[in-house]
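Paired with subunit B in one complex and with subunit C in the other, subunit A is shared by the two complexes that follow.
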Partner chain A sequence: MGFLTLASLSKVYGDHAAVRDVDLSVAKGEFVSLLGPSGCGKTTTLQMIAGLVEPTRGTITLDGRDITHEKPNTRGLGIVFQSYALFPHMTVAQNVAFGLEMRKVARAERDKRVKTMLGLVHLAQLADRYPRQLSGGQRQRVAIARALVIVPPVLLLDEPLSNLDAKLREEMQFELRRIQQSVGTTTIMVTHDQAEALSISDRVVVMEQGRMTQIDAPYRLYEHPATAFISSFVGKMNRLDGVWRGQGPSGTAQINGVSLPCEQASFPDGQTVALSLRPEKILLRAHGQGRVDGTIVNRFFLGSYWLFTVETPVGALSVSVPNHGEEPAGEGDAVALDWTPASLRVEAITATAGAAA
Partner chain B sequence: MQKNGPIALAFHTLVVAFVLAPLLVICLVAFTPENTLSIPTTSFSLRWFREIFVHPDFVASFVNSLWLATLSATIAIALAVPAGLAIDRYDFPGRDGLNALFLSPLIIPHLVLGVAFLRLFALIGATGSFTWLVVSHVIIVTPYVLRLVLAALSGMDRSAEQAAMTLGASHWTVFRRVTAPMILPGITGGWLLAFINSFDELTMSIFVTSPATVTLPVRMYMYATESIDPMMAAVSALMIALTAGAMLVLDRAFGLDKILVGQK
Partner chain C sequence: MSRARSALTPWLLVSPGALLFLALVIVPLVLTVILSFHVYDHGTGIKNEFTLAHYLAVVTDDYYLGIFWRTLRVAALTTLLCALIGVPEAYILARMRDPWRSVFLLVIIGPLLVSVVVRAFGWSMLLGSTGLVNQALQALGFGTVKLLYTETAIVIALVHVMLPFMVIPVWTSLQRLDPAVEAAAWTLGASRFTALRRVVMPQVSMGMLSGSLIVFGLSASAFAIPGLLGGRRLKMAATLVYDEFMHELNWPLGATIAIIVLVANLVIMLAYNRMVEARARRTLG
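Here is the complex of A and B:
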């Protein structure tokens, strides 16, 4: 039994199920991300935990206590909203003190805790400013401080970084993780940004159309995506359709008659299969020295790595190569591609799954 | 900020001059030593200001109007804020009907309202009652307040209220500490608009005031129908000075930008 447990949690609006039978168990101190495209039900799930949306079915248990129908003001959870939702008429210190004031914490104690918290988020010198005098990243940190100062059992973050520009977003990601680890608060973050979810979570929950389709550690999610949707949504992925030739484990995956070494698998002869291969798992070799030959049709420089599109007899493949400081092969060059067999994943395409995809 | 061209500047000057010129003329006429409405040329006199104070009925009417406007604006706020919250936040049967009912006084001519109230007050024996005069003014100023409160409510970030709630605030505390301060510009703006509308109102008040409850605009109207002398100009000049003074005090104390626009 986890610290925070959701059991068959559902929310139905009219005849549309926003969240369907969600089961999740979060351990104390864990950082869990709910990841999915917009409209997948991740925010509704968060709002049900917060008590801002009444669940249609299911239960929410916090530390052994059923809080499914408890009012948001008695749950005691900390929430950071996408818009930050700061009180515009209060100073930074007053914003942070609000929750303590509601808890009737004595003045001296209150000031001390607000000061400590503002120190933690590096805002001590801005305590008397108003929210509109702060930058986006600073407002964000005020919102986090306001939510954490009440020492909530669970911190809920609703797309906390989506209103920040790219550079700041990256910085705040690590900042968020640092703050979370230093206070040790159990945290649930909703996000549509897979990079954000992978980089700072202990576990990632992928949601599709109101359901949870995979709950895993970030690297497992990346290496072993449970569905085709997840493999394309999390990171970049080359996907090819092939056929399994040969009987059982001794067979190989083929595309247009070209045999492609792949992970250990076993399918009946003639089975159509989906092949997936991450761009960074492919190595660029000299022409004739790899598993398939090809021609570079596009080359993009992305700072820390180069991204190539290589046209091969089995189809166009994306290949990413770390930047070692020298200029690599250019557009039009003939190259060969190589990979370790284990990195090429094979899945059977059933008639229905094929139709859906 | 974009600068105005010379033509735009000239146009704006003309508009402002057009609006302010009559006020200026009235203020000048108030200082005339003559018995007729004329612009003083040779000397200034305060005789028409002194004249006001030998008409105690004018002073009484002024105090009466001040009370009437203050009370009706305040009561209108007390009605419009809860009504605005209900109309903005909840979906209930009769919601649109309630909204229309609150706004309907805007589209009924004050003349018609005046006759209707006159009949009503006669029926219920309320003629000459100050309380009922307040009621009639509340009805005509509430739409203005409600409009401003609704605009303020729809413009505010609801998640601030949710944040306050999750931090442990009860509904009432959320309203008092978060919602009310956030819609304060709408409330103060609405109050001022209601006050001015009530203080100015003539058409309906002619019908519903009695000798004991005559408001300043009605008093001035009655006086002007009988005799035209510069005392009217003196009363007007005093009113202009009072309004300007009140605005100045408000601006110094709170900042007009802050209470009307919500900026600091």
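Here is the complex of A and C:
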């Protein structure tokens, strides 16, 4: 039994099920992300945990206590809203102190805890500013401090980084993890940004159309996506359609007559299959020395790595190559591509998998 | 392009509005001020001599001072009642979903679509000694109350007319408020009432300020409602001015009262504005 448990939690609006039978068990101190595209039900799930949306079915248990129908103000959870929802007429210190005031914490104790918390989020010198005088990143840290100062059993983060610009988002991502680890609070974060979810979570929950489709550690999710949707949503992925030739495990996947060996796959002869291959698992070789030959169509420099689009007999493939400091092959050059058979994933295409992709 | 022309452009652009304002507001106002200093003689009418006698007469006469106090009292009470009714009304309106929101917005604005005179007569039929209210009271065994031609009747009718002027600014400021802010207060342990008091109310204070300024200004200078529901005896500032002009034909005295009411209104509203706005500006920016 986890610290926070959701059991067959559902929310139905009219005839549309926003969240369907979600089961999740979160351990104490764990950082779990709910990842999915907009409209997948991740925010509704978070709001049900927060008590802002009444579940249609199912139960929420916190530390052995059933909180399914408790009001938000008695749950005692810390929530960081997407818009931060700071009180605009209160200073930073007053914002952070609000939750303690509601808990009737004595003045001296309150001031001490606000000061400690503002120190933790590096905002001690801005305590007397109003939210409108702060930058986006500072506001976000006020929101985190306000949610954490009440020492909540669970911290809920609703797209906490989506209102920040790219550079700040990356910084705040690690900052968030640092704060979470130093306080040790069980945290659930909702996000649509897979990079964010992968980099700072202990486990990632992928949601599609109101359902949880995979719950896994970030690297396992990346290496072993459970559905075609997850493989395309998490990280970059080359997807090719092919046909299985030969019987069972001794066969190979073929695309336009090119045979591609792969491990641990077995399909009946003639089965149409989907092949997926991560761009960083492909190696660039000299022409004639790889599995397939091709021509570089596009080359993009992305700082730490180069991204190529290579036209091959099996189709166009994205290839990413770490930047070693020398200029690699250019557009129009003939090259060959190589990869280990283990990195090529093969799945049978069924009607539903095709629709989801 | 000559620089002179481009420098003139803003002046040319504001000139139609400015001229209209000058001709229709400033000129009559200046004429009224001048008129208030003219000597008036009951036998010969307005004389081309100047005096401060009218001002002295007004500020020393209990009759006029009584009417000014009544005007102030009625306007302040109307403003207070409008705030007490209008702010919760605006909050409920802002939380409504769409088909109902439009319906109730129309119900609130509806009174503005009917002539004030018609509405005042409507109220006089309801509040009269044999009106619906008294009939209902009698049926319940309470006996009749005198409502028509009292300050109560004026306040009731004024609140009815002025309510939209309070609801709409408050509603507008509520719409700017992120609903998540209220939710944030709940999750931090605030009850619904505490969240309203500590988080929502300070946000709508600017809307309440502008609403109460409009309501106070319009109530203090209301003419038709005090005229029809206050009767001939229960006068307010605007009806008093009307009587001085049209019945007494003492135009300078009427002008004096009008100017005093205008100045008093301005002073009260500016002071109120300063007091509330200074506080709100500091925190809301």
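Please note the rule applied: the second predicted complex is superposed on the first by the 350 of 357 C-alpha atoms of A that agree within 3 Å, B and C clash if a C-alpha of one lies under 4 Å from a C-alpha of the other, contacts with A are read in each partner's own complex, and residues count from 1 in each chain.
Quick note on the criterion: a residue touches a chain if its C-beta (ideal position, glycine included) is under 8 Å from a C-beta of that chain, and two chains touch if they have at least 3 such contacts.
What you see is a predicted model; the values in this text were computed from it and never measured.
Visitor: Superpose on subunit A as described above, then tell me if subunit B and subunit C fit or clash.
Guide: Taken together on subunit A, subunit C would clash with subunit B, as the superposition shows.
Visitor: Should A:19 be classified as contacting the first partner (subunit B), the second (subunit C), both, or neither?
Guide: Touch partners of A:19: none, neither subunit B nor subunit C.
Visitor: After superposition on the shared chain, which partner residues are touched by A:142: those of subunit B (first), subunit C (second), both, or neither?
Guide: neither
Visitor: Given the touch rule stated above, what does A:103 touch, subunit B (first), subunit C (second), both, or neither?
Guide: both
Visitor: For subunit A, which residues belong to both interfaces, subunit B and subunit C?
Guide: 50-52, 71-79, 81-83, 85-89, 98-99, 102-103, 130, 146, 150
Visitor: Considering the complex alone, what residue numbers of subunit C touch subunit A?
Guide: Touch residues, subunit C against subunit A: 178, 180-181, 183-191, 194, 198-199, 202-203, 283-285.
Visitor: For the complex, give me every residue of subunit A touching subunit C.
Guide: Listed in rising order, the residues are 50-52, 71-79, 81-83, 85-90, 98-99, 102-103, 130, 132, 146, 150.
Visitor: Within the complex, which stretch of subunit B touches subunit A?
Guide: Interface residues on subunit B, with respect to subunit A: 157, 159-160, 162-170, 173, 177-178, 181-182, 184, 264.
Visitor: Mind pulling up the subunit A residues that touch subunit B in the complex?
Guide: For this pair, the touching residues of subunit A are 50-52, 71-79, 81-83, 85-89, 98-99, 102-103, 130, 143, 146, 150.
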